[in-house]
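So that you can tell them apart, the chains are marked A, B, C, D and E in the order they are listed, and the count of residues begins at 1 in each.
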Amino acid sequence: MRMPEAPQTDEGWYALHDFRTVDWDAWREAPEHERERAIESGVDYLQAHESLADTDGETGGSAVFTVLGHKADLLILHLRPTTTQLDTAERRFERTPFARFTEQTSSYVSVTEVSGYMSQEYFEGETVEDSGMARYIRSRIEPEIPDAEHVCFYPMDKRRGEQDNWYDLPFEERADLMSNHGEIGREYAGKVTQIITGSIGFDDYEWGVTLFADDPTEIKHLLYEMRFDPSSSRYAEFGSFYFGRRFDPSDLDAVLAG
Amino acid sequence: MRMPEAPQTDEGWYALHDFRTVDWDAWREAPEHERERAIESGVDYLQAHESLADTDGETGGSAVFTVLGHKADLLILHLRPTTTQLDTAERRFERTPFARFTEQTSSYVSVTEVSGYMSQEYFEGETVEDSGMARYIRSRIEPEIPDAEHVCFYPMDKRRGEQDNWYDLPFEERADLMSNHGEIGREYAGKVTQIITGSIGFDDYEWGVTLFADDPTEIKHLLYEMRFDPSSSRYAEFGSFYFGRRFDPSDLDAVLAG
Amino acid sequence: MRMPEAPQTDEGWYALHDFRTVDWDAWREAPEHERERAIESGVDYLQAHESLADTDGETGGSAVFTVLGHKADLLILHLRPTTTQLDTAERRFERTPFARFTEQTSSYVSVTEVSGYMSQEYFEGETVEDSGMARYIRSRIEPEIPDAEHVCFYPMDKRRGEQDNWYDLPFEERADLMSNHGEIGREYAGKVTQIITGSIGFDDYEWGVTLFADDPTEIKHLLYEMRFDPSSSRYAEFGSFYFGRRFDPSDLDAVLAG
Amino acid sequence: MRMPEAPQTDEGWYALHDFRTVDWDAWREAPEHERERAIESGVDYLQAHESLADTDGETGGSAVFTVLGHKADLLILHLRPTTTQLDTAERRFERTPFARFTEQTSSYVSVTEVSGYMSQEYFEGETVEDSGMARYIRSRIEPEIPDAEHVCFYPMDKRRGEQDNWYDLPFEERADLMSNHGEIGREYAGKVTQIITGSIGFDDYEWGVTLFADDPTEIKHLLYEMRFDPSSSRYAEFGSFYFGRRFDPSDLDAVLAG
Amino acid sequence: MRMPEAPQTDEGWYALHDFRTVDWDAWREAPEHERERAIESGVDYLQAHESLADTDGETGGSAVFTVLGHKADLLILHLRPTTTQLDTAERRFERTPFARFTEQTSSYVSVTEVSGYMSQEYFEGETVEDSGMARYIRSRIEPEIPDAEHVCFYPMDKRRGEQDNWYDLPFEERADLMSNHGEIGREYAGKVTQIITGSIGFDDYEWGVTLFADDPTEIKHLLYEMRFDPSSSRYAEFGSFYFGRRFDPSDLDAVLAG
């Protein structure tokens, strides 16, 4: 029996996309001093996590976004070297008085990933430390959260259809498809930045894609172009899309004020 | 590897379809003065947004509709040049005392779009400013919300089936299919008006379709005819349909009274 | 490109299937006088709508049913000449003290429909007014709600599969399939009565089917027989089924007492 | 056009599978006397229905089960000659103080059924009254609820796929498949007992299957063996599975105590 | 008609995966003494069940985990020789004051299983008691819960597609596929440990898979490699994935503190 070869992967930081709605009724009706206390605790939490005050080695990253539409009001994104840190970050939020005014309606658990489709030499152990390749790999699995206005998150699977089955394709064909796919991404260099995380065993889809851009239409153009690429057109299955705007933790009060 | 060509697109105003149910129990039991205050704040919000008092350049548009059935009671539609304005409009509503009597049960985030299927010359840069084509394109991406009694909204995808895969068709075939599709729409000129928005990267489907008509059966006839057109019969996947009736913000009190 | 011909349709009254659960905890615990006031308001609403006291021209129809199982406890069915009347009927219910004890958990928005598959001559304009055909058509689009004990409602689509695609069949083949399908229905004349409503553009499926019969097994036999008919076996996709029993508005108190 | 023949069916008692969760928070916090009153009313209701005190002709049957997992805590099963009796049984439960501590989270509405696949001679009218065949048929459509420890319920459809379409098979092929299927069941005689109910027109699936056994692994072995039978492997679509344990109404207190 | 042979199976302990969210609002606002009482009762329950104090024969096992993301906060896993014990364990939890601060949002009911694909000789009755094979089988159906930091749970079906239908394959082909699949698992011996449970008749999927590992990326690598194996790539359908971290019952207080 033929066994198509799984690509090697390397993982870096664990990621939690923590989506929350605001309980606007409670917020509207809370006395001023309670809202102030809530805001203060929320800002403290968000600033401590953005500045990695919760992390010994001061690695990882956090950011907060508003989310448009009914699926969520806020996205808090955490990247951390260990699952313990993620788990703690998620539960610590619940200790803040601000948490009372939010409900966690969705989330995504994953880990940054590079794969052997794109970086074969890296996995063949031929990468000299501190080389360009080594730095590139590190930038993918220990990524800085880009400082862009907009964010787009969606989870995805590769299709296992009865005709179009990604997991039945030979390695070379998959590598070619991924390479073409990557080329589209590179056309948007400087305009759209991505963080790719793997989630097999961690969440319901196989990957999470987080895109960052100042101009939202660049995200739309990139994804539309990719949709015609066979790697998406024939082999991708998408989950829900979340779209939001980054804000500085210190602006939490203004954000909630509308 | 063959790469089918993605059509170029141009985008205009961002759109938020904000669907809300009314908390009838709270409404029924609220004291008269609280209802009056709520109505006043709701009318103020809706009038300010319809008159674009929230917009510096006074561009965009807003409208409010009742929605039939259990999926929602109200649809507030906002079109604005920036995502910031949409984001603010959504959260500002929550500041009104009226918001207490509503719950946001669904929404759709998208942006007005024209594509190279229909307007190739426009994208080839041959459009003279202030020409008919330029005016037509602008009317599509900076549309006036039609002053019709009824509204119908639904999101849709193009199918990526294992046999019928829109994204695997050559550009010319897709352009032909879209052109035939457009002809059906033109038969309903003056009876049904549409706003087409793209939502790849912004929400769960690829497009949103918002139709306006005085006579609801014209919407039904148009969509039924289109369903036999191959561009729909073989390549469309539809989400939920919402159907409603426009009302003037000043009638909010009467609407809630039944 | 071949364009299969859409059948012509004619529409009559708009239909709202309004499904509600009873809040039994609130009902059980309400003081006797509150329950009396609620029942009185519920009976008034239902009687006024059954007698069309809400309709100027006194056309349309309303009826109320208990629903078995957890999906709903009550179905209120309204047929009215205008969407305004439906919209008002839905919201007016919320003004009654009885509404406090119910929650609208589901609904269906549609309009009575006849199509050119079955009544070609009617659509060719050859129908003499007051002829049998004209009276038949009117009985379909301005139907009396049958006075039977049981009701069954379900929404349905015609399949747009990659092999079995109703919307790709030639008109003649679809007309033949519909004609055979209708013959099964006619075998149940006098035992099962149907109201067919179209909902493209109005709700999530393409049609609503409402069946009425004294003997529930006749509904089961009819639908089982139809399921083997190619028009269903290969081309139908069904939504949820709701099954209930009609009651006279004046019995609302007894119904709630169990 | 070929019309595959629907099997004849005969129906007996109507069935309601009434699934309820317990509101454990309310239960834990209720004062002792309120819990006693609730238990008393629950036991009364369950005993009256098991003993058919609610039925004039004293036919039908009722039983109560705990359900494992989050989908429900209790299953109350009612079999009755008329829909009126089922409808009343469902609503009467809501009158008991015990009902306050439960929520109806799921249900299934169906009717016991025998079909012409298995009992052709019966439907050809050749069955002598009081013969073995007549007694067998009656035991299927007016079944005693078996006195076994465990219960398993699931709804199912026959597949209408584009290749594997049960409703397109000739009658003889379907009858053969059903006959082989029945043989597997007979191997488990004395170990697993089934009640087959039909639900076309009554609920979302076409049939309900209720299995009873003392040893749960016998249910698992039977269903696993059946899954390889073409009638299941190619033609069955299953809904949710519920698994529980029968208890005597007088043990309701002990059950709730854990 | 060909009847593919079902593999024999042997079952051991029944399993309940009990997923719960924490009601953080209630927890945050509860007075200190109430939280202490809740923690004490939670620790008592968890310790009693881990030490099998609830089990006469002191067989089975229990463990508790935090769960990352919104799907749950806690997973309590119980393995017990009888369904009665599982049923009681589930309901006894509800008696604890700690239960008030949790909600059961998901669960899975299954039983440990070995099948004839892997252990043919065992099922042919040739296994000498106390032999290596007998001990291996026992370790699979009466498994010790591994003492690893991380857990991953997901339910799965074997596909019954119109082309790729596991249940239509000959026994030998299925046994070969399972054997290759098992080989991948063995490569991860010492790194990832699994408990396989069957759930046909007990829950919505056919199997539950519970994986244990200290390093989460080993789970990811194992499942990614398996996904390319035909037994998964062509024949597996997965449900939701839950990922968590084990903790000692005595740390419940610290876990809730964040």
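Simple rule for what comes next: a contact is a pair of C-beta atoms (placed from the backbone, for glycine too) under 8 Å apart; a residue touches a chain by one contact, two chains touch by 3 or more.
Because the structure is a prediction, the values reported are computed rather than measured.
Common neighbours of chain C and chain E, listed by label, are D. Each step here moves to a touching chain, and the least such steps from chain A to chain D number 2. Here chain B and chain C face each other with different sets of residues for the most part; under half of the interface numbers are shared between them. Averaging C-alpha coordinates per chain places the centre of chain A 28 Å away from that of chain E.
Separating the CA-averaged centres of chain B and chain D is a span of 46 Å.
Counting partner chains per residue, chain B has residues 162-163 touching two or more of them. Because contacts link each chain to exactly two others and close back on themselves, their graph is best described as a ring.
Contact ring, oriented from chain A toward chain B: the chain order is A, B, C, D, E.
Residues 22, 24-25, 27-29, 66, 68-71, 73, 150, 152, 161-164, 176-177, 180, 211, 216-217, 219-225, 227-230, 232-234, 236, 240-241, 243, 245, 255-258 of chain E are the ones that touch chain A when the two sit in their complex. Note for the complex: chain E touches chain D at residues 1, 3-6, 9, 11, 14, 16, 18-19, 83-84, 86-88, 90-95, 97, 99-100, 104-109, 111, 160, 162-163, 165, 167-168, 198-204, 206.
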